[in-house]
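In structure tokens below, several structures.
In the two assemblies presented below, subunit A is common to both, partnered first by subunit B and then by subunit C.
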Partner chain A sequence: MKEKNKYAFLTSTQMILVYVIIAFSLVVGFRQPAFFSPATIITICRTGIFTMCFALCEMVVILSGGIDVSFPAIGCVAMYVPMYIVNRVYKIDSAFFAFAVAIIIGLLFGLLNGFLVSVLELPPLIATLATSSVASGGVVTLLGTREFTNLPSSLQAIYNTNLITYTAPDSGFTYPLNVLILVPVVAALLVSWVLRKTMLGRGLYAIGGDKNAARVAGFNVRKLQFIAYVFSGVFTGIAAMIYNILMHSATTSALMGDEMITIAACVIGGVRITGGHGTVLGTFLGVLLITLVQNNLNMLGIPTSWQRFVVGIVILLGTILTSWQAKRSMNAGRA
Partner chain B sequence: MMKKIISVMAAAALVTVMLSGCTDAAPAASAPAAPAEAAADDAAPAGEAASGTSYKIAVVPKMTNIAWFQRMEEGVNQYNEETGSDIFYGGSAEGADQASYVESLLAEDWDAICVVPFDSEAMMPIFEKARAQGIKVITHEAASMDSSVRDYDIEAFKNADYGANFMEELGALTGGKGKYIQFVGSLTSVSHMEWCDAAQKLQEEKFPDMECIGRFETADDTTSSYDQTKELLTANPDIVAIEGSASTDIVGAAQAVEEMGLAGKVSIVGTSMTSIAGQYVEDGTIASFSVWDPAEAGKAMIGLAIAALDGTVEDGMSLGASGYESITDVDGVFYGNARVDVTKDNMANYDF
Partner chain C sequence: MTNDIFLKLKGIQKSFGGVHALKGVDLEIRKGEIHCLAGENGCGKSTLIKAISGVHEIDGGEIEIEGEKVEKMRPIDAINRGIQVIYQDFAVFPNLTVAENIALNGEVKNKARLVDWKEVHRTAEEAMNQVGAKLDPDIQLERLPVAGKQMVAICRAIINDAKLLILDEPTTALNEKEVENLWKVVRSLKEKGIAIMIVNHKLDEIYEIADRLTILRNGSFVSTGLISEYDTARFTKDMTGHDVTSAKYAPEESGEEIFRVEGLSLSGRFTDVSFSMNRGDILGITGLLGSGRGEIGEALFGITPVESGRIYLNGKEIQIKSVNDAIKNQIGYVPEDRLTQGLFMQRSILDNVVVSSIRKYFHGVKLDDNQMEEAADHWIKELSIATPSAKPAVRNLSGGNAQKVVISKWLNTDPRLFILNGPTVGVDIGAKSEIHQILRGLAQKGIGIIIISDDLPELLTNCNKIIIMRDGRIGEVTDNTIERIEL
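Our next item is the complex of A and B:
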């Protein structure tokens, strides 16, 4: 019995992802020794901040049996509107204000998604597509489109605050890691705790697995769906403001198109697209793998013209792996 | 009420006649009516365009949701104000549906449409349809497009000249030594590729001690050029120069270079805009960037459209826009000399 458990652990999706990540790192490191450096860890962390934040939003929604393709649009509105206000309407130099506006915007669109999906019972894909159009179309119509690249000094102060700065000994290059890395870290721990230890978390899994069974078991399906979308909206708002701070750029299109890579990261990490299955750790590994691949193809010497193809292949293989694993666990359950 | 409208119209007509008469009588040199436009204060002939047109002309940008084409809109509006014309400006927000936008425009009886094609292939049948309706088709940023579907194309400059200039700058900044990388928005972007090709060619001839490590795609995404700059510098610490093509390329590169403590050690040149690269020019990470003013490009398209309708298009003519005072004809594609090098000193004039 113990042997069997050990085997199951070693061949779990998460462990396979770990093997793939290690293997990929070894290959890159072999091609380019500069890869094996603390700088790589900092670079991956810094790059992965946005993807990890958005993947957490997406994961919670997918777990609950839904899907959210509106977060890029919501995020764009959430970073654009506060920056618009600061630059064009009234100069409010306050990080609190910027984040508050971003969160309120995320909250409002989250509520809209929740309303469409749980009250009107629209298919989540259609509902969030509609929200996406409303959000990005609305902001362009009402506020036009500019790119705001100057941060008010309160936000610039956050940008200047680094957790650690690594200086490469041979080249002297500096690799700062911004303090905002703590946001996805804390959020991941929090979400993980809620999902595993609270009734709310178990409820999200339950409604994602089988809505009717969950209802019979006494879960308030509507309320739980609402919570999933509202969480996604609010956290998207925060993540978008982080993007604005770290990239010095608020536009109405900066995040558009990110939904595919985010959903892919979740699915590769073992989040079942039909709902009810998935963990924060798995999602983290999915994000790690995709970030690693996206950021090291130049190191690997893969010509730029092939890179999109390679990323596509990685996503495809990752998805095949998880669906194969899902099938295997189902068969095992039957046997 | 009616009377008022008629009198206003009559006055407008009178002004139009007077203005056009004025231009006819007075050659370019004696037209000091150049309006107070900061960007064009050294280009008096810009005032020459001060003849309102009664032609019905539409200007359609690639997309409306970026600052670049908002600047073009400003140019068109300015043209309208200065000349009392009523040129229409409009397009699709994201660009992907530009073809259907232009197709829906064709329901009206335009004299000419000036289009900056988002996707040349998709636009071809629409242009053919427009020309079948007797509409003159003027394009911009589309020199390589099949010329049979349009009347004239106007480009800000020859891509080879523009690209070679970047290498001249890099050569001067680096002393003609060291490794460099090139960023393009997309490997299928003809203009970006032509700039980089020309730069590389000049480098091989003139700066043999420099070496191009490669050309990398950024998808016009600041984040992408930022991430790749860090990656490439880590792998090749001896890179001394970066050439960008998309306006976001050098912005992401500059941020990465600053964060890595390499400001001043890695030279950055490329195309960009004050609104997004200004802060890095201000603090010196980017010495200067090049650009052409989309406001002037918009005016030039209008000028070319009017000339096409009047049948007066010729080599060496002026389109009444700064940088387009003497355009060169190369097989139906007209080139201006509208490159602008933006530095700390003249940045205020190119605030877009």
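Our next item is the complex of A and C:
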């Protein structure tokens, strides 16, 4: 029995991801010894910050049996509107204000998604597609398409706050790690705890596994679906503001198209698209692998024009692995 | 005596929009007895269960639990009084572990906020000990076979101090061994004083497990009594309202061979299978699950083609490498799981009838609607499918009628060989005998009929030749004059 458990652990999706990540790192490091440097870790962390935030949102929604393709649009609105207000309407130099507006916008669209999916019982893909269109079309119509590249000093202060700064000994380049990395870290720990240790978390798994069984068991299915979408909306708002701070750019289209890579990161990490399966750790590994591949292909001498193609292949292989694991798991029941 | 009665129903009535689903049903369940509730599909069994469990509010009649009249029964009242129902879908979570599935409902009821995993394991362990189930508490439910999921559902039901456990058609998806195990569990629960009501319409199973029996027909109470008071004739008469003949099928010897296979093999499934059938024969293939019985059917229909061996249809050797080959050679196949494999449940009867023979109705690029309607109407009449027209979606039909639609779909392709895997699974006794009559008629017309089934009485009555598979090989070949089949 113990042997079997050990085997199951060593061939689990998460462990296979770990092997792939190690193998990829070794290959890159072999070609470019510079890869093995603290600088790489800091770069990965920096680019992974918002991908991880968005992946957490997506994971919670997919777990509950839904899907959310509206977060890029919601995120764009959530960072564009406060920056528009600050720049064009009334100069309020307050980080609290910026985040509050972003969160409220995320909350409102999250409520809309929750209403469409749980009360009107629309298919989540269609509902969130509609929300996406409403959000991004609405903001463009009402507020136009500008780009705000100046941060108010309060946000700039956050940008300037670094957790650690690594200076490469030979080149003298500095690699700062922004304090905002703590947001996805804390959020990941929190979400992980909620999913494993609270009835709210188990309820999300339950409705993702079988809505009807969850209803019979006494779970409030609608409420749980609502919570998933509202969490996604609110946290998307926060993540979008982080994007704005780190990138010094708020536009109405900056995040558009991110939904695919985010969903892919989740699925590679073992989140089953049909709901009910997935962990924070798996999602983290999925994000790590995709970020790693995106950032380091040039180190392997693969031209930039090929990067999308290669990322696509990684996604494809990752998804095949997950679905193969799922099939293996179900077939075990028949034997 | 009255102290022994746990549940008493008197003249229960329930109607849905003018349709009387229950027209005054009486039922008495005693403590620690195993009581079977039998009746054909649509007789009101499910409605009655839902009345007892408080899902449906009754329109008339009385419910008494332990001698106390219950004024209004809501689901929560039923649970608080110890009534637990296990429906056919079990309502379990495929993505959660065994332990969690068992304990979760209790935690929700206690309005717990945090999950105490130690407590979850303890509860699950205790329930499994009581039931005598041996399952790995940390395995996800989707990895368990149906029987395992059922055990989990039973464990979950009894942790809430169940006094009456209602099982809705618990044996439908189980093989013989699993059924035996289920009965063992049911008996041990009975010894603990729990009353058990089983909805079932398989006579042999009822004989094996039940103490008493109640039969419903068309929403009315027909009879109740000790199991010893029922013989096959009374049982079928009470179920269907008329006598059902069950004369054994004995065709005249034609001596004209229509189908023969030699040395069929598929590694890991079956080895060296040879048999032949004459015009008029109905061939039965049986065996335990995994003996190769179902795999032969799938191989002959090209789903998982054989690796070696020869197949002759009407004297000509044919190759079956794919489903297409099988269809070209006019072979029809009714899969075991017709709901997912044999029918488009959302589509109309008409669509389902013509789907496998759609080419016949193409004139140029246009489909001939009139011809298709004629075909559908023809089969509805021929097989007496109970429906006002060919328009309704198949999912609105009962199991027996849905099965007739699958059969007409293949008959519409003019098959020369017709393979049916579990043709009457989930079909009630009246429709079952109708389907058997249809198959006999087809065999007489010269169509080769192969029935694959684990329903041994069904084979003994309807097949004049029976093959028993053991471990992928033909174990025994017999005619139907024997009394019992040993697997």
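Just so we're on the same page, the second predicted complex is superposed on the first by the 332 of 335 C-alpha atoms of A that agree within 3 Å, B and C clash if a C-alpha of one lies under 4 Å from a C-alpha of the other, contacts with A are read in each partner's own complex, and residues count from 1 in each chain.
The definition used in the following text is that a residue touches a chain if its C-beta (ideal position, glycine included) is under 8 Å from a C-beta of that chain, and two chains touch if they have at least 3 such contacts.
Just so it is clear, the model here is predicted, and its values are computed rather than measured.
Colleague: Clash or fit: subunit B and subunit C on subunit A?
Modeller: With subunit A aligned, subunit B clears subunit C, so fit.
Colleague: Which of the two partners, first being subunit B and second being subunit C, lies in contact with A:147: first, second, both, or neither?
Modeller: In the superposition, A:147 contacts subunit B only.
Colleague: For A:299 in the superposed arrangement: first (subunit B), second (subunit C), both or neither?
Modeller: A:299 contacts subunit B only, not subunit C.
Colleague: Where does A:198 make contact in the superposed view: on subunit B (first), on subunit C (second), on both, or on neither?
Modeller: Second partner only.
Colleague: Using the touch definition from the top, say if A:47 reaches subunit B (first), subunit C (second), both or neither.
Modeller: first
Colleague: Is A:171 contacted by the first partner subunit B, the second partner subunit C, both or neither?
Modeller: In the superposed model, A:171 contacts subunit B only, not subunit C.
Colleague: Quick check for you: in the superposed arrangement, does A:307 touch first (subunit B), second (subunit C), both or neither?
Modeller: first
Colleague: Please work out whether A:248 is in contact with subunit B alone, subunit C alone, both, or neither, and reply first, second, both or neither.
Modeller: first
Colleague: So in the superposed three-chain picture, is A:156 touching just subunit B, just subunit C, both, or none of them (first/second/both/neither)?
Modeller: A:156 sits against neither subunit B nor subunit C.
Colleague: Decide which partner touches more residues of subunit A, taking subunit B and subunit C as the two options.
Modeller: B
Colleague: Can you report the least C-alpha distance between subunit B and subunit C in the superposed arrangement, rounded to whole Å?
Modeller: Least C-alpha distance: 32 Å.
Colleague: Please report the subunit A residues shared by its interface with subunit B and its interface with subunit C.
Modeller: Shared contact residues on subunit A: none.
Colleague: Show which residues of subunit C lie in contact with subunit A when the two form their complex.
Modeller: Contacts found on subunit C: 89-96, 100, 104-105, 107-109, 112-115, 140, 142-145, 148.
Colleague: For subunit A, which residues count as touching subunit C in their complex?
Modeller: Within the complex, subunit A touches subunit C at residues 196-203, 205-206, 208-210, 212-214, 216-219, 272, 275-277, 329-330, 332-334.
Colleague: In the complex, go through subunit B and note every residue touching subunit A.
Modeller: 64-67, 70, 93-94, 187, 214-217, 222-223, 226-228, 230-235, 237, 251-252, 255, 259-262, 275-276, 278-279
Colleague: For the complex, give me every residue of subunit A touching subunit B.
Modeller: It is residues 32, 34-35, 37, 39-40, 43, 47, 50, 137, 140, 144-147, 149-150, 167-168, 170-176, 247-249, 252-254, 294-296, 298-299, 303-305, 307 of subunit A that touch subunit B.
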